[in-house]
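Got some structures for you, see below.
After this come two complexes, each holding subunit A, first together with subunit B and then together with subunit C.
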Partner chain A sequence: MAFTETRAGTQKTSWLAKNKLNIAPWLFLAPALLYFAIYVVVPIFESIWLSFYEWNGLYRADGTSTASWVGFENYVKLWDDPKFWISLKNNVLWLVLYMLAVPAGLFIALFLNQKTPGMRLYKSLFFFPFVISQVVVGLIFGWFYNPDFGVVGTIWKALYCEETVNILGNATFKCSRAAPDILSSPEFATYGIIAAGLWPQIAYCMILYLTGLNNVAADQIEAGRLDGAKGWKMLWYVVLPQLRPATFIAVVVTVIGALRSFDMIAIMTQGGPFGSTNVLAYYMFETAISEYGERYGYGSAIATVLFLIMLVYISYFLWRMYQDEKGAH
Partner chain B sequence: MFPKPIENSSATVRTGYQAFVPVALFIWLLPMVAIFMTSVRSAEDINSGNVFGWPSEFALVENYIAVFERSQAAMYLMNSFMITIPSVVISVALACLAGYALAIYRFKWALPLFFLFVAGNFVPYQILMVPVRDMSVQVGLYDTIQGQVFFHAAFQTGFCTLFMRNFIKALPFDLIESARIEGVSEPKIFWYVVIPLMRPAIAALAVLIFTFVWNDFFWANVLTQGESAKPITAGVRALNGQFVNNWHLVSAASLLAALPPVVMFFLMQRHFIAGLTLGAVK
Partner chain C sequence: MFLKTKSALAALAASAAMTTTAFAGDLVINFDDLNPGPKQAFEDAIAQFKSENPDINVIVNNNDREAHKSAIRNFLTADAPDVTSWYPGNRMAPFVDAGLFEPVTDLWAENGFNDDLAAIKATMSRDGEIWGVPYSYYQWGVYYRSDIFDLLKIEEPKTWDDLLAACAPMKEAGVTPFTIGTKFLWTAAGVFDYINLRTNGYEVHNDLTAGKIKYTDPRIVKTMENWKTLIDECGFVDNHASMSWQDAIAPFANGDAAMYVMGNFSVDGYKNAGLTYEQIDFFQFPEITPGLPRAEEAPADAFFIPTNAKNKEDARKWLAFVARPDVQTKWNSTMGQLPINSKAEVGDDKFLKEGFATLSTATGLAQFYDRDAPAAMAKAGMEGFQKFMLDTSTMMEVLTRLDEVQEEVYK
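And then the complex of A and B:
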């Protein structure tokens, strides 16, 4: 520990001793605060600042940056950039459809909230998809959607195709309708990726609700039963109000998950076909570090827009926390 | 308890439920089952189109050995451990200190600084990407394991501090008060009084951060270029390009990438779930 002795007995320590409750918190905080500031807080402002520049990430020989000030030009360009609007539209789509994870998670939690033998193991196995990397989830679903040898393709063959064997003994398929290639279709690819993303997210919401259901007050349920409430009514009027904290966290993590969606898109479509599955997170990455040279300024402008959207949710979350803190005192 | 305990229902309903849960689980985990079954198939099965039927032979060991022999999977896995473990240690340690400061001392900056950590933990990665990448290039941390460790540790400190502060806040304050009256120094209170009580929180955070950092893919792409510092998540993607249509090998590699967090989860399940609720769902 860097700060061991506060009671040596000299003049200086008596000042320290008097003020130790004022100084101590800063000593405890300093390492985390400094480190967090360097890697998280300062870069946020740097990014916003950079969004008013045009910069390819290079430095001159004397160490000065080659960035040049362009004012709001990057934002004006964004306004006229169809790819930006597609990404934004897809982000909205993600936000809306990803929310399905919350009721779906609740549904599974209600289904599993029993105490029959082996239930604990079942619950944790249901939670499985959340633990594995989204890269892996993306690969699995990419393969599922494959029209030639994926699940979709196989089901399709069973429904619409006839197998013919030629003289050489090779099987070929004649299909009345071609199998859908979900991830290559500009219309459906985003839905395909969101469906894949829902799988782990539902698992996450489920575990939040299972924890919440554990703490639902039994006497209120009993009181509800005596009043003749059951089924949906009981769920809506008695149980859900008590699950509010769980719902709150589930919504928060789902919003963040939706806006952070990057891994699956990078794995499954890389924003394609024709940019139709881009979201701001991926479009920013693709723009800032592209094969055609870095565009740090423009990328930062996209990142700033994404940040501002997130800021709405962050502010709401902090406000809620602030209310709780006030209530606690 | 809601819904109604199934024990109170008729025997038919009970048996029906108990029979249905495993079926539902199987459907739910079908993607995992499918990928596992694929990873034990032989190349002949894949080529002849037997992707869903019963495997003609089991090639579990062969496939996994092939992944290690024909790719740099071992290096990627090693990198992942070398990135993840130090990140967990650093962020949890810093958060213990910061969480203690924010929970125990009453000073006017306590709440604003706490909110700074909370807000920072929720920002989109992209807003940090360019400056962090530029900084890493400047100080020679680009394309290194350490560069990734430093970033992950710093970023996860936000979440860890959120968690630790709430956890310590819920501890009985009298303990600290009475230690102070006895003249115990602040660092000693932290070390001998608070840390022992924080063990469950430390365990919860450790498993959770392990999973978060292990599964990172974005920063692996931003902060590395070559193969030498790539973690397994980025590695699996590279393998996917390398093993085109060798689905049995891609599946095996994917399962290898997924395995360590899964093992962590099963070993420390209780702690893991406590961590996921952000310490907020009591």
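And then the complex of A and C:
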């Protein structure tokens, strides 16, 4: 008896042992895959499905949904909705201007990549904006731009206003020109928010490049120097090619960061003035979930469009990554 | 299929979030105000109700107002309380249409509310039934710095021309006539509503918010032209689009602006900004079209019984209780608002007395633009008003766009 049991035992272990290499990765992946499926993949399909309905988010007393099937009507409406196009245009603006974070981060990283006493402190200070929450950054910049008590307002008052007393004898300011109200101007508000968003994003790119710079081969620099390369040429032909992986990651996170810009807008303008700083992500929130929204179908249609745009980018980057991997082997 | 899964998930989440479980004989009341005054008034009323009905076990869930607004969308289906606070007008419409509220028309008839609460009956009704019982409302109007008016020897304006004439000396003295903060949009709707109510009257307000007349209708255009006159001849503070209504109190308190079109809840804000009752006063928004019956904005708060409530019998007792004159008197004097029951008494406060005088003589009570119009329309409308206030030349462009939105929302 004892003999057969042991035999069975060894047979079992041998099956496991045979397939260990195949099973192990899936075992480790399983929790992540499960959560990814529940919280990411399923909701994506739900949203797409929901975008074919008109639904105010309510269920009847018996639990049945009040949604009604409208087919592609939500998408037709989107096409004619000026606010959708404003949001899309702003998304493009974000995408283009956010890219400034990559070169800016690179130059700060190059500047900080020196061996001076206290450099660690400076590096941490430059990295600081990325550590604080986007909500806090939004608030700070909101105050910064405030025409009454912000930095912008205070400087403006010093330049163009004089202090007087009003009818009741309280101190007040008389300005020869009204202070610029950046976040309430339909032309400039988006740029104001993007500038605020760039602040932490530059820090992020900087840290990516700083780690990248650690891996730049000293002998190649040396060789370049012997061949007479310096300044821009050294940067462009010797350093940058070695920073390619860092650049790649910086671009990817910046694109994604630009497309999912939401917190700043919610904090600084709520999409206003009159919807001129909306981006797709915020417009989706506004139509579906906010107090004046409750149009879940329409919001889902916006989400679907945003998803498709992201899909294009992400597929491209994944494909590039795959190609690089293949090339490396 | 996913809709069902979703509702099941929502039910699960809601039941997990609720710490209280109801049994027969329990009365679960969901309320939505954690501000000190209203919270105190509600708790006092609960205590009185308990002592009058010792056999009912009252369970209270008091939630933050914004949280309540999103929670109600789930709990009405998933885990309905026996009574919930909510708002009349269009705000109750989606729930009424989905069959989530229980009509209480008979309760009104039994208790004589049709007379005592007559002023609010129209806005509590939909599809020929009455859906809830209101416990409080407050007036809107023009709050002004009486000290500035005295200095400039200006009287409370009674008519539109008075108002426009009063603005000239203010501007001469370096005072901006009106303060406002339109960052969160709804304040602009208050100004629009009043100019519209005074230009065209109550019916036009209701027809507009019900989608029966267009925004490019000559009557609405007239309203907007009057608004433009107000902006040109009186004017609002600069930078209003980056201020909340609380921020806009600062120039008012400093004496840089003299008037504020606002609701009575703002009085607390003035007091907190250091103003005393000698410095501030109230007048009804002046008449524009002579002889037009005067209607006012008076947003009300009410209680409703969800269709899925388990203890409807006691819920009806609570609804009858909150409408009683003595209960409304006490409740509203604690929270500093106006009772709706015409037999109730008004708290001893200058602004409440003025408010009562204003509302009790009004021929119609509007609930406010964003409560009378459906959400999507209200949002677009208020954004349009803000745009117009920043640049009055966009008037027709704004109205045309609102017509397009209207066509889509009310189909």
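The rule is short, and it goes like this: the second predicted complex is superposed on the first by the 281 of 329 C-alpha atoms of A that agree within 3 Å, B and C clash if a C-alpha of one lies under 4 Å from a C-alpha of the other, contacts with A are read in each partner's own complex, and residues count from 1 in each chain.
Definition applied: a residue touches a chain if its C-beta (ideal position, glycine included) is under 8 Å from a C-beta of that chain, and two chains touch if they have at least 3 such contacts.
All of these numbers come straight from a predicted model, not from anything done at the bench.
Enquirer: Which of the two partners, first being subunit B and second being subunit C, lies in contact with A:19: first, second, both, or neither?
Expert: Neither partner.
Enquirer: Contacts for A:178 in the overlay, against subunit B (first) and subunit C (second): which applies, first, second, both or neither?
Expert: Touch partner of A:178: subunit C, not subunit B.
Enquirer: Going by the contact rule set out at the top, does A:293 touch subunit B (first), subunit C (second), both, or neither?
Expert: A:293 contacts subunit C only, not subunit B.
Enquirer: Count the residues of subunit A touched by subunit B and by subunit C, then name the partner with the higher count.
Expert: After superposing on chain A, more of subunit A is contacted by B.
Enquirer: After the superposition on A, what does A:134 contact: first (subunit B), second (subunit C), both or neither?
Expert: It touches subunit B, and subunit C stays clear.
Enquirer: Name the contact category of A:274: first (subunit B only), second (subunit C only), both, or neither.
Expert: second
Enquirer: Please indicate which partner A:82 is in contact with in the superposed arrangement: first for subunit B, second for subunit C, both, or neither.
Expert: Touch status of A:82: second partner only.
Enquirer: Should A:325 be classified as contacting the first partner (subunit B), the second (subunit C), both, or neither?
Expert: A:325 contacts subunit B only, not subunit C.
Enquirer: Looking at the overlay, what does A:57 touch: subunit B (first), subunit C (second), both, or neither?
Expert: Touch status of A:57: both partners.
Enquirer: Is A:46 in contact with subunit B, with subunit C, with both, or with neither (first, second, both, neither)?
Expert: So A:46 meets both subunit B and subunit C here.
Enquirer: Quick check on my understanding: which residues of subunit A belong to both its subunit B contact set and its subunit C contact set?
Expert: Looking at subunit A, the two contact sets intersect at 46, 50, 57, 289.
Enquirer: Please output the residues of subunit B touching subunit A within their complex, sorted ascending.
Expert: 1-3, 5-7, 14, 17-18, 21-22, 24-25, 28-29, 31-32, 34-35, 49, 51-52, 94-95, 97-98, 100-102, 104-105, 107, 110-111, 113, 115-120, 122-135, 150-151, 153-155, 157-158, 161, 185-187, 190-191, 211, 214-215, 217-218, 221-222, 233-234, 236-237, 240, 247, 250, 254-255, 257-258, 261-262, 265-266, 269, 273, 276-278, 280-282
Enquirer: Over in the complex, which subunit A residues touch subunit B? Could you list them?
Expert: Contacts found on subunit A: 1, 3-7, 20-22, 24-26, 28-29, 31-33, 35-36, 38-44, 46-48, 50, 57, 110-116, 119, 122, 124-129, 131-137, 139-141, 143-144, 149, 151, 154, 171, 199, 204, 207-208, 211-213, 215-216, 218, 221, 234-235, 238-239, 245-246, 248-249, 256, 259-260, 262-263, 266-267, 280-281, 284-285, 288-289, 296, 299-300, 302-304, 306-307, 310, 313-314, 317-318, 321-322, 325.
Enquirer: Provide the residue numbers of subunit A that touch subunit C in the complex, in ascending order.
Expert: Touching subunit C: residues 46, 49-50, 56-61, 63, 65-67, 77, 82, 146-148, 164, 166-168, 170, 172, 174, 178-179, 181, 183-184, 186, 270, 272-275, 286-287, 289, 291-295 of subunit A.
Enquirer: Going by the contact rule at the top, pick out the subunit C residues touching subunit A in the complex.
Expert: Counting only subunit C, the residues touching subunit A are 2-4, 6-7, 11, 66, 69-70, 73, 76-77, 94-95, 97-100, 147-148, 151-152, 173-175, 183-185, 238-239, 241-242, 250, 254-256, 306-308, 370, 375-376, 378-379, 383-384, 386-387, 390, 401, 408.
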